[in-house]
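In the two complexes that follow, chain A is the common piece, with chain B as its partner first and chain C second.
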Partner chain A sequence: MPRTRPNLLERQRRRLVVPFLLPALLLYALFMLYPAFTTFYVALTEWNGVSAPEWVGVDNFTRLTDDSLFSSTITNTIVFTVLGALVLFPGAMFFGYVTQRLPLGRLYRFLILAPVALSVTTAALLWKFLADPNFGAVQKVLRAVGLDSLASVELLGRPNTAMLMVVLATVWHGIGLWMMFFAAAAERVPAELKEAATLDGASSFQVFRHVVWPLMWEVTRTLLILWMIQGLQTFAFIIAMTNGGPLRATEVIGTYLYKVAFASSEFGYAAAIAVVLFAAILVLTLLSQRLTRRESEQY
Partner chain B sequence: MTTPTATPPAVVSAVPPAPAPPRRRPPFRGGRLLTHLALASYCLTSVSAFVWCAMVSLKTNPEFFSSSPWSLPEDPQWGNYADAWNGAQISRFFLNSLYVTVASVGVSLLFAVMAAYVLARVDFPGRSLVRLIFLSGLMMPAFLVIVPLYFLLNNLGLLGSLHGLVLVYIATQIPFSIYLLSSFFQSLPKELEEAACMDGASPTRTFFSVVLPQVSPAIASVALLNTLSIWNEFFFALVFLSDPEQQTIPVGILGLSVNAQYSANWVQLFAGLVITMIPMLVLFAFAQERIARGVSVGALKG
Partner chain C sequence: MNRRSLLRATAVATAVMLSLTACITSSDDGDEPETESSGGGDASGAPAEITGDLEVVSFYPEGSPDFERLSGLAEAFEAQHDGVDVTLTFGGGQDVPQIEARWRADDPPDVNYGFLDVTLPDGGPWVAAGDTMNLQPAMEQPLEGYDGTWEEAILPGVRPLISVGDDIYGAPESVTTLQFFYNEAIFDELGIEVPETFDDLIAAADTIKAAGIAPFTVTGTFLPYMQVYWDYLALRHFGLDGLQQAIAGEAELASLPGAQEAAADLEALVADGNFLDGFRGVDFTSAQMSFFQGDAAMILMGSWLIGEMAAAIPADFQTGTFAFPTVDGGSGDQDGLFGGTNAQVVAAKGQNPDAAEAWLQFIADPANQTAYVESTGGISAYTGIPAPEGFEDVTAMLEEGAAFAPSYMGVLALSQEVQTAYQQPIAQLFFGEIDGATMLTQMSEGLQAAAG
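Up next is the complex of A and B:
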């Protein structure tokens, strides 16, 4: 009798497979898998959404290589991602490591995390209006601290400063979560190791540099790739703050794709951009998986 | 004898209040002060953005342009909030967001829990393939599906409707939810299920009354994360919802900001912004740790 028990359970459970899997699988297949696969077909056609798609082979992709606008959106996307990483990573790392041990750490953490609760458009609009030359508060502050030349600049109206403002708003919005990623990573470092180093007279910076950082680097690598994947898809802050302007200085892959599809109705061309974007994300994802696998082998 | 440290070593023992044993910790305490200074100034800047927004929302339009951005409103205009809620249709956006979030998070969670359970517990042919199919959704960007999805919804007559958006949201949440939940199911002991089976409970009953209660903390975490991401979802909502009557908060508020440039009714817009901030800030205040932990588990494993 005891022998048949697991079998009975197993047999009973097998009857669940179809009814339990089917709802999730059906919706997922219809609204994600099917459109995802169809994009690869659409990318090989010319299609305005009204008449039937016309097969053009790889024309859309060769057109992409000649499209100077597309290459400038790639450059802008890279600039966004790199600038963002330069601001985000040191900041998040510092906040994550430091707030762990400070007496007011939890309060700081809440305040740093709070913007995450805002919707992307709310956060973007907040910064757009803060930087507005007519009534923005940033200009007033800049004047007050004597940076008059900077205060007269239309921060979102100038190509060089617009991207920086978008980056700052994006980082401000998301830095709390990245702080938590780093805090979680820092917690993985054995406490005895840190104590031993402190007893040996290491300053807290030295502890970080020589004990925590080597162990955290593995996680940081993975997080960098995660940021790159997000950076490639940046969209909402650009749409809400600059809509790609001024002079297309903040046009990124996502906003370009959106306009090609839903403003110009060139759906085949938009699908081709989506395929290229997906390929880049796929490469980054595989890279991060390889890194994580190696990491788990080491520990 | 000025200070205890200045006494020669020979008489140290004679000094009654012996100085604390020399701790070998770095004497430089300025580091900590600097840390506090850096954190406090960042937080202050961050909070002042909120404060500015709240103060503008209580001014009048002329006052907004004439007064200093950091001045207090002369006579708080609480009417701006009623104006934004009713006149600017924030209430409509709010209800739309609420419906979309509750419906899609609820349904997708139910389906994902069921699928994750089967995938984690039952050994059936093709299991690893099905798992792979679901996990592949984790790296599909919204941009990859947007064009065909737009026409699919159009053909189904669901373009521009909240129901269509709910269906899309259910589908997009499924891969991540299954991914997180199946690891919880795998860590669960099997004895209770076996006991329930011995007692003659049907597998469905076992699932709902024995298994689900055990994973409810995990379900709560996933529900929170999904709520946060759906409440704030922007891209699909922007593409699929063109009628202001049907828009969710992230898209609706963007439309309001465009209108404000013509109507110059800025205070109403800012009151609207404040209203949209509140629910998630409250949720965050209560569930901050849980959300943050859930997100970092997801990110660091993925």
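Up next is the complex of A and C:
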């Protein structure tokens, strides 16, 4: 169908929008577009942050392909994201659904949501001290219940447990928010559908699996993509709890980028890492959207 | 969108981007910082009437004892210079990048730490760019409270740590060294003499371990503190030059005479549970706490330990110190000490460089230096200031002009490849994952690879 030219009134209305949008566009250009374009430019230079950047073309990107430290951070970032999803999503979904059915559900939700109010650094340090092998509460509790062999494990000092601890701390801190999303999604499911399934003899799990879950899929899909973005960008919990250790077992792209930039003053190389991270997030987000697309259930 | 609208939108977008570019690129073109000193004080040392705001970076977070001490100094400085308003800004730890960002934006605090790297011939990028003020003219003037010039008031061994070529760019706030601290009560009870050789140290560790106490504590989550053990053994066995060349990739570490022995000694030290259980998972605060609670008898740590942990040290705790022991047959430096100085520098583009310079001289005042030593147990960098107990040898050494080996071999500012190549094998040895020979091979190969 051929496009019709907007009438005069419509054109005037559109013009009227421009001055209202301009302040927001200016701020967006200043704080989003300009830094983004600058990052792309810096990625093509060698820059120590003080003297003038020196143009090196794609050298920083070539160097990335040979950087074994960067490769290991990609693996660790993926491990964090997948492990986090495996802990976060079942947990948030469980709490979101169960607290809806419990008599004191709102109170439980409040308690689960409360850690969100803590700053990330506070939450990370709290977990760091809880897991301290000498003075931490986790070890004391384990010893008190006779699990001395487990108590002697340095949770943040061993490569195979450190990442799990960081994931647990991250999930503990944020799960309340994700629970609320799931609870809101579950509340949108019409009660008649659940009652009908129950009357047909479905168990609680079957009601959830075959009625509630399919109707929550669109929300779950969006949250999965959001988590993936958050997981790929993870930084604060790791820098505060392990600083990428032990033996770089928790070094992720975000912490590596930070160290390359601010400890080693290689801003050009750090910018190249940032560009790659940006591209990876963009591609994976589009890919996830495509792969998780299903026909929406209508109700 | 018709053609006219498209052109209009393009023009607006272009204007916006050009304005932004102009805003951001015009900041460093000839804008001279405003100096608020009214008396025109200059580097010739002529007394200046200091006024205006002065922003001083503090290493220490608000609420810490050191911050309180610094606040007291700021008040005293304001009382001495009516019209000066001192602001303390936390710039330690993870906040360092924020301060650096302000330097890049030509809005630096007046008095800062860092921004001077004397291990580089040009003093590092900030000095090379002229952003760090050259204090040499002021250093050549007499300093109140001392006989002679400001430069002469600084201990000879400290001067190289603040100099680039013939010019001084920083004023030392204090001296820091890395040595062993030990629990005197445990040593006395077990009849242990202060170790002088590495064999003495191992023997002392065996005795302490037999008594059911951990000989050493260290943090496994901050690699530089494990690295220091290797640095010292390397210093004793084959010397600073060889180690520096190996880190720069100019020499093969594993083939240096004495390197194998240093690695074997480190393996012997970390073997058999010499370190407190769980050290892999503790941070440095926890490690230090376990020392002061008597869970471990020794800790290899910086001279700031006592000041940093003052609030947590039991009243009856007796701390002794000793230098890292010598090694038999070592061809390296048997007396060398790793250390450095907390140097304060003045930002050339700061708002009030005259007041900043006056602040540095105020910090150097004998009364303030003495108060610093007495309240923190730290070491002064100035002549004639009594050394704290246990550090008399350090001060004497610096008075004689002997130089420190740079703390952590300066690797913390090097590339991530070099840091990883140097520190990770040491951590792996401490964690019992590899032996000394493998550590040496990995370090050697890693450093060569990092150097390209």
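Throughout what follows, the second predicted complex is superposed on the first by the 260 of 299 C-alpha atoms of A that agree within 3 Å, B and C clash if a C-alpha of one lies under 4 Å from a C-alpha of the other, contacts with A are read in each partner's own complex, and residues count from 1 in each chain.
Everything that follows uses one rule, which is that a contact is a pair of C-beta atoms (placed from the backbone, for glycine too) under 8 Å apart; a residue touches a chain by one contact, two chains touch by 3 or more.
Keep in mind that what you see is a predicted model, and the values were worked out from it rather than measured.
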{"item": "Combined model on chain A where chain B meets chain C, clash or fit", "value": "clash"}
{"item": "Which of chain B and chain C A:G49 touches, first, second, both or neither", "value": "both"}
{"item": "Touching partner for A:I239 - first (chain B), second (chain C), both, neither", "value": "both"}
{"item": "Partner chain(s) touched by A:L291 [first = chain B, second = chain C, both, neither]", "value": "neither"}
{"item": "Contacts of A:L30 with chain B and chain C, given as first, second, both or neither", "value": "both"}
{"item": "Contacts of A:I281 with chain B and chain C, given as first, second, both or neither", "value": "first"}
{"item": "Which of chain B and chain C A:L150 touches, first, second, both or neither", "value": "neither"}
{"item": "Contacts of A:A114 with chain B and chain C, given as first, second, both or neither", "value": "first"}
{"item": "Touched partner set for A:A263, first chain B, second chain C, both or neither", "value": "second"}
{"item": "Which partner, chain B or chain C, touches more chain A residues", "value": "B"}
{"item": "Which of chain B and chain C A:V79 touches, first, second, both or neither", "value": "neither"}
{"item": "Candidates 37-45, 73-81, 91-99 or 127-135 of chain C: the single one with C-alpha clashes against chain B", "value": "91-99"}
{"item": "Set of chain A residues, in rising order, touched by both chain B and chain C", "value": "5, 25, 30, 34, 49, 128, 134-135, 239, 261-262"}
{"item": "Touching residues on chain A, where the partner in the complex is chain C", "value": "5, 25-26, 29-30, 34, 48-51, 67, 69, 128, 131-135, 139, 152, 154-158, 239, 242-243, 245-248, 256, 259-266"}
{"item": "Sites on chain B touched by chain A in the complex", "value": "24-26, 28, 31-32, 35-36, 38-39, 42-43, 46-50, 52-53, 64-65, 68-70, 108, 111-112, 114-115, 117-119, 121-124, 130, 133-134, 137, 139-152, 167-168, 170-172, 174-175, 178, 193-194, 197-198, 202-204, 207, 228, 231-232, 234-235, 238-239, 249-251, 253-254, 257, 266, 270, 273, 276-277, 280-281, 283-285, 288, 292-293, 295-297, 299-300, 302"}
{"item": "Chain A contact footprint on chain C (complex, rising order)", "value": "2, 16-17, 20, 24, 94, 96-97, 100, 103-104, 125-126, 128-129, 131, 220-223, 276-283, 286, 289-290, 295, 412-417, 419-420, 424, 427-428, 431, 433"}
{"item": "Contact set on chain A toward chain B in their complex", "value": "5-6, 8-10, 12-17, 19-21, 23-25, 27-28, 30-36, 38-39, 42, 49, 94-95, 98-99, 102, 104, 108-122, 125-130, 134-137, 140, 172, 176-177, 180-181, 183-185, 198-201, 203-205, 219, 222-223, 226, 229, 232-233, 235-236, 239-240, 254, 257-258, 261-262, 267, 270-271, 273-275, 277-278, 281-282, 285"}
